[in-house]
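Below, chain A partners chain B and then partners chain C, in two separate complexes.
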Partner chain A sequence: MSRSMGIRAAIVLAAWIVLVTFPQWSAFWESSRFAAGVIRQILIFAIFASSLNLLVGYAGLPSLGHAAFFGGGAYAAAIAAQRLGTDELVVSLGAAIAGAAVLALVIGFLAVRALGIFFLMLTLALAQMVFAIAFQATDLTGGSNGFSNVHRPVLFGLDFNAAGDLYVLVCVAALLVGLLLWRVTTSTYGRALVGVRENERRMRALGYDTRTLKLSAFVLAGAIAGVAGALSSYEFRFVSPNDVALGTSVTGFVMVLIGGAGTLVGPVLGAAVVLLIERVLPSQLPAQTVLGIVFIVFVVFARQGIVGALRRVART
Partner chain B sequence: MTFEDALQQALNGLSFGALLFILAAGLSLIFGMMDVVNLAHGAFYMLGAYVALSVTRATGSFWVALVVAPLALAALGLVVEPLLLRRLRGRHLDQVLITIGLSLVIADFIRLRDDWGWGATVRSLPFPPGLDRSISIGGSDYPTYRLFVIAFSAALALLLYVLHRRTRVGALVRAGVGDAEMLSALGVDTDRLFSVTFAIGAGLAGLAGVVAAPVFGLQPGMDVDALIYSLIVVVVGGLGSLSGAVVGSGVVGPADTFGKVLFPQFALALIFAIMALVLLFRPTGLLGRVRIGR
Partner chain C sequence: MIEIQGLRRDFGGIHALAGVDLLVAPGERRAVIGPNGAGKTTLFNVLTGELRATAGTMRLGGTDIGRRTTWQRARLGLARMYQRDELFDPLTARENVLLSIASVAGAYRPHRSPPPSDIAAADDILAQVGLADRASVPARDLSHGERRQLELALTLARRPRVLLLDEPTAGMSPAETERIATLIAALDRSLTLLIVEHDMDVVFRLADRITVLHEGRAIAEGTPDEIRGDRQVHDVYLGKAVEA
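Let's turn to the complex of A and B:
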C-alpha cells in the first residue's frame, strides 16, 4: 500500500467513525433522531447508487432497470424471512443477494447484447416485467399492498430493532460495500470494465470476452443492489411494487449522474443530494419537479457531476 | 373460447394495436431522425390525455380536443427541442437522459394540478357522442368507439405514408433518416427539420393520449405504461421506420390482448417473451434498419 493510499484509507476510516457515532455526538440536537434516519436512508440509497455506478460509470452500461434488483432483493428478503419464519439477518440478506443476482443474470443475459441507448431501453422494459410480476403475483408478493410490518433482523442474538442498532448495521454495510467496490474498481477486472466502456472492440481484439465481462458486472451490481433492497426493507419495514418501479431506477440513475459517474464518492454525494431534496426540502416545493430540473441542469452543464465540478475547481 | 369470443378479442387486439401504432409511430419517427429515444414519450402521451380532458370540459366536444391536444403537444415539442436537445446534439445518451428529467417534471406537474381537475386521482373522459354505443358484429355486441380507433389509426397510417413518400417534408425526413449530416451539407436547415420532427413525434404521442383516454382513463402511472408498450413495439417492429411501427403494433396489440384473456397471470410475460425472442434472433427488429445489439 502506497503512502497516499494509506492516508486516504485513514481519512475514510476517520470519516466513517464520525458517521457511525453520529447519534451519540449529536444527541444534544433536537433533530438528531430525524437526521440519523435521513442518514440511514442516504446510506442505503448510496449503496444502491454505487452498485448502479459500477455499470453506468465504470462499465459504460446505462441501465435504467436497476430497481429490479433493489426491489427484487427487498422482496426476496421479506419472502424468505416470512416463509422460513426466521428473523436471522444471514437468511434474509442471503436471500436478497442470491435473488437479486439470479434476476440480474436473467435480465443481463438479454440486455448485454444491446448497445448504448438500446441497452437502456431493454433494461427499462425488462425491469418493468419484474414490476408486473411483483404487482400481479399476489400470492407471492402481496400484490399492490406489498409486505407491511417486515421484521427487522437479528444476528447472533444481536437485535436490530432499535433504530440505533439499525443505524450501525447500515453504516457497516455501507463501509463493506464501499471497500468491495474500491477493491473491484482498482483491480485488473475493474480496469477491464473501463476498457469495455472506452473501446469495446479493442478489448475484444485484445482477447477479452466482453459480453461475459459485462454480464459479470451486471450480476455483481445486481447483487449489491439486492443488499440495498434488503436494508431498505428493514429500514421502512415495508416492501411494495414501488421498490421495483421505474421511479426507483430513475432515482438511482439521477443520484449517479448528479454525484459523478465513474467515481466512488459520486453516488454517495448524489444519494445525499437527492434524499435531502426529497426529505428535507420544504414540503410546499414539488420534490420531483425540483429533482427533474436539477437533473437536467447537471446533464447539460455538469455532465461529470458534483465530483467532476469539484475537480475542475480544484485544478484551476 | 367460442368463435364469437375469438372475434371480439381479435377486434380488441386490433384496436389496441391501432392505438399502439399511433403511440409508437411518434417514438420511431423521432428516433429515425435524431437517434434519440424520447423517454418523455409516455409523459407526452399522458399530457395529451389530460389536455384533452380539460379541452373537452371547456368546449364540451371530444372532437375539438382531438385536434387541440396534439397541437398543444406539438407546440411543446417545438419549444423543448431547441431549448434542451439542440445544445446536446451528437451526445445521444445525454439527450435521452434529458428526456428522463423532462418526464419527471411533466408527471409531477400533472400530479400537482388538482386545481385544473387533473391531480393524482383517476379521471375519465366520456366516449364522444355517437360512438358511445355498441353494434352487433358476428352475433355479439361490440363498442363502436373501438372500431373508430381502428379506422382512425388506419387513416393516420395512410396519411403518414403519403406524407412520407409524396411530399417535400417527407422527402426531407427520409433524407434526414438516411444521413442528416449530408443533408445539412446540402444546405438544408437540419436544426429546423429536427425541431419539426420532434414536434410531430410529440404531437403523435399527444394524439395517442387523446384517443386512448376514453378507453383506458387517466391516472398516474399511465405515462410509464405507455412508454413501456411503445418501447416494446419499436423493439419488436424495428426502430426508425413507419412500417416497423405498423408491424410491431400489429404483433404486440393482439398478442397482449389474447394473452390477457387466455392466461391472465402471464399476459405481460408473453409480450416480453416476444420481445426477447425478436432480440435474440433478429436484433434489428422484424423490419428495422438499425441493429439493436450484436
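Let's turn to the complex of A and C:
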C-alpha cells in the first residue's frame, strides 16, 4: 500500500468511527436522536446513489429505472422475512441482494442492447413495469397499501430493533459497500467500465465483450441497490410501490449529479444534500422547489457536482 | 493469413464492395489503394465486423470469421489502427495501453490495480512508439502526431497477428509522417499488415504487394513495380494521385 493510500484509508476510517459513534458523543444535544435518524437515511440513500453511480458515472449507462432494484430489494427482504417467518438478517438481506440481482439481470439483458437515450428510455419503461407489478400483485406486495410493520432484523441473536442498533448496522453496511465500490472502481474491471463509457467501439475492437461487461456492471449495481432497499425496509418498517417508482429513480439520479458522477464520494455528498433539504429545511419552505433550484444551479454552473467544484477550488 | 472471397457489401443500391477477392500471406505487408469511394474503409469495417457483409467469405488464419463479432475477431488476433483517433481521452497514455493489454486476460480480474508485469509491458510499447516520456499525460493533452503514435501502441499492445492500418499518416506533417512510417517499417516481420494509405511514397516504401480497389472491385494486384507500370491503375488512380 502506498503512503498516500494509507493516509486516505486512515482518514476514511477515522471519519467512519466519528460517524458510527455519533449517537454517543452527541447525546447531550436534544436533537441527537432526530439527527441520527437523518444520518441513517442519508447513508441508505448514499448506498443507493453510489450503486447508480457505478452505472452513470463509471460505465456511462444513464439508467432511469434504478428504483426497480431498490424497491425490488425492499420487497424481497420483506416478503422473504414474512413468508419464511424469520427476522434473520442473512435471510432478508440475502433475499434482497438475490432478488435485485435477478431483476437487474432480466432488465439489464434487454437494456444493454440499447445506447444513450434509448437505454435511458428502456430502463425507465422496464422499471415502470416493475412498478405496475408492485401495484397490482396485491397478494404478494400488498398493492397500493404496501407492506407495513416490517420487522427489523436480528443477526445470530443480535437484535437491531432499537434505533441505535440499526444505526450501527447501517454504518457497517455503508462502509462495506464503500470498500467494495472502491475496490471495483480502482481495479482493471473498473478501468474497463470507464473504457466503455469513453469509447465502446474501441473497446470492442480491443477484444472486450462490452455487452457482457455492461450487463455485469448492471447486475452488480442492482444488487447493491437491493442492499439499500433492504436497509430502507428496516428503517421505515414499510415498503410501498413508491420505493420502485420513477420518483425514487430520479432522486437517485439527482443525488449522483449534485454530488459528482464518476467519483466515490460524490453520491454520498449528493445524498446528504438532498436529504438535508428534504428533512431538515423548515417546513414552511417548499423542499421540492428548493431541491429543484439547487439541481438547476449544479447542472448549469457545476456539471461535475460538488466534488468537481471542490477540485476546481483546490486547483486555483 | 487473410482469405477473402466474393466479399460484397451493399448500401441500398450502392455496391460499396462488389465482390472483392483478397489473399494475404502470413507476414506479408499488403497495401490497399484506390480513389475515394473505392471501398477501402468499408473493406476494413467489414473485416473487423463493424459492418456486416452482404455476401462472401472471410477467413483469418484459416478460421471463418464471417459470423463472429468484432471483439471475437480481435481475440483471434485482428487489430485495427483507426483513421481517426479512437482513444480513451481522460486516461493517460499508459492507462490507454494498459486497457489494451488487459483485454487479453479479460476484464474480470480482481487485481486492484494492473500487475507490475502489465505496467512494464505498457511502458515497453510506449517506448517502442516513441512515447516513453509521455506515459503519464492524458490522451487528450497529446499532439496529433503523438495521438497517432498512441493509437498504434494500442493496436500493438494486444500482440495481434494481423494489423489493419487505416490511413496511418492522415493529417500528419512530413516529419510526423516520416516517424510513423519508420515505426511501421520496423514492426516485427511475423506481423501481417494490411494498409490503406493515400500517401504513395509511404505505400511504395512499406508494401510488399499492392491491391488496387476501384468501385468496390480489386482491379489489379502486384508488386509495387508492377502496379506502377499498370496502365489501368494509372488511368483510374495513380495518375491523379501523383499529379495531386
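Quick note on the criterion: the second predicted complex is superposed on the first by the 316 of 316 C-alpha atoms of A that agree within 3 Å, B and C clash if a C-alpha of one lies under 4 Å from a C-alpha of the other, contacts with A are read in each partner's own complex, and residues count from 1 in each chain.
In this section, contacts are C-beta pairs under 8 Å (C-beta built on N, C-alpha and C of every residue); 3 or more make two chains touch, one makes a residue touch a chain.
Just so we're clear, the structure is a prediction, and the values are computed from it rather than from any experiment.
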First, second, both or neither for A:54, with chain B first and chain C second: neither
Which superposed partner A:216 touches (first chain B, second chain C, both, neither): second
Touched partner set for A:67, first chain B, second chain C, both or neither: neither
Contacts of A:293 with chain B and chain C, given as first, second, both or neither: first
Which superposed partner A:136 touches (first chain B, second chain C, both, neither): first
Partner, of chain C and chain B, that touches more residues belonging to chain A: B
First (chain B), second (chain C), both or neither touched by A:201: second
Doubly contacted residues of chain A, that is, touched by chain B and again by chain C: none
Of chain C, residues touching chain A in the complex: 48, 50, 69-71, 74-75, 79-80, 82, 86-91, 95, 98-100, 102-104, 107-114, 154, 158
Parts of chain B lying in touch with chain A, wherever the complex brings them together: 35-37, 39, 84, 87-88, 92-94, 96-98, 100-105, 107-109, 111-112, 224, 227-228, 231-232, 235, 265, 268-269, 272, 275-276, 279-280, 283, 292-294
Touch list for chain A against partner chain C, complex: 183, 186-189, 191-192, 194-195, 198-199, 201-210, 213, 216
Partner chain B, residues of chain A touching it in the complex: 62, 64, 110, 113-122, 124-126, 128-129, 132-133, 136-137, 245-246, 250, 253-254, 257, 286-289, 291-293, 295-296, 299-300, 303
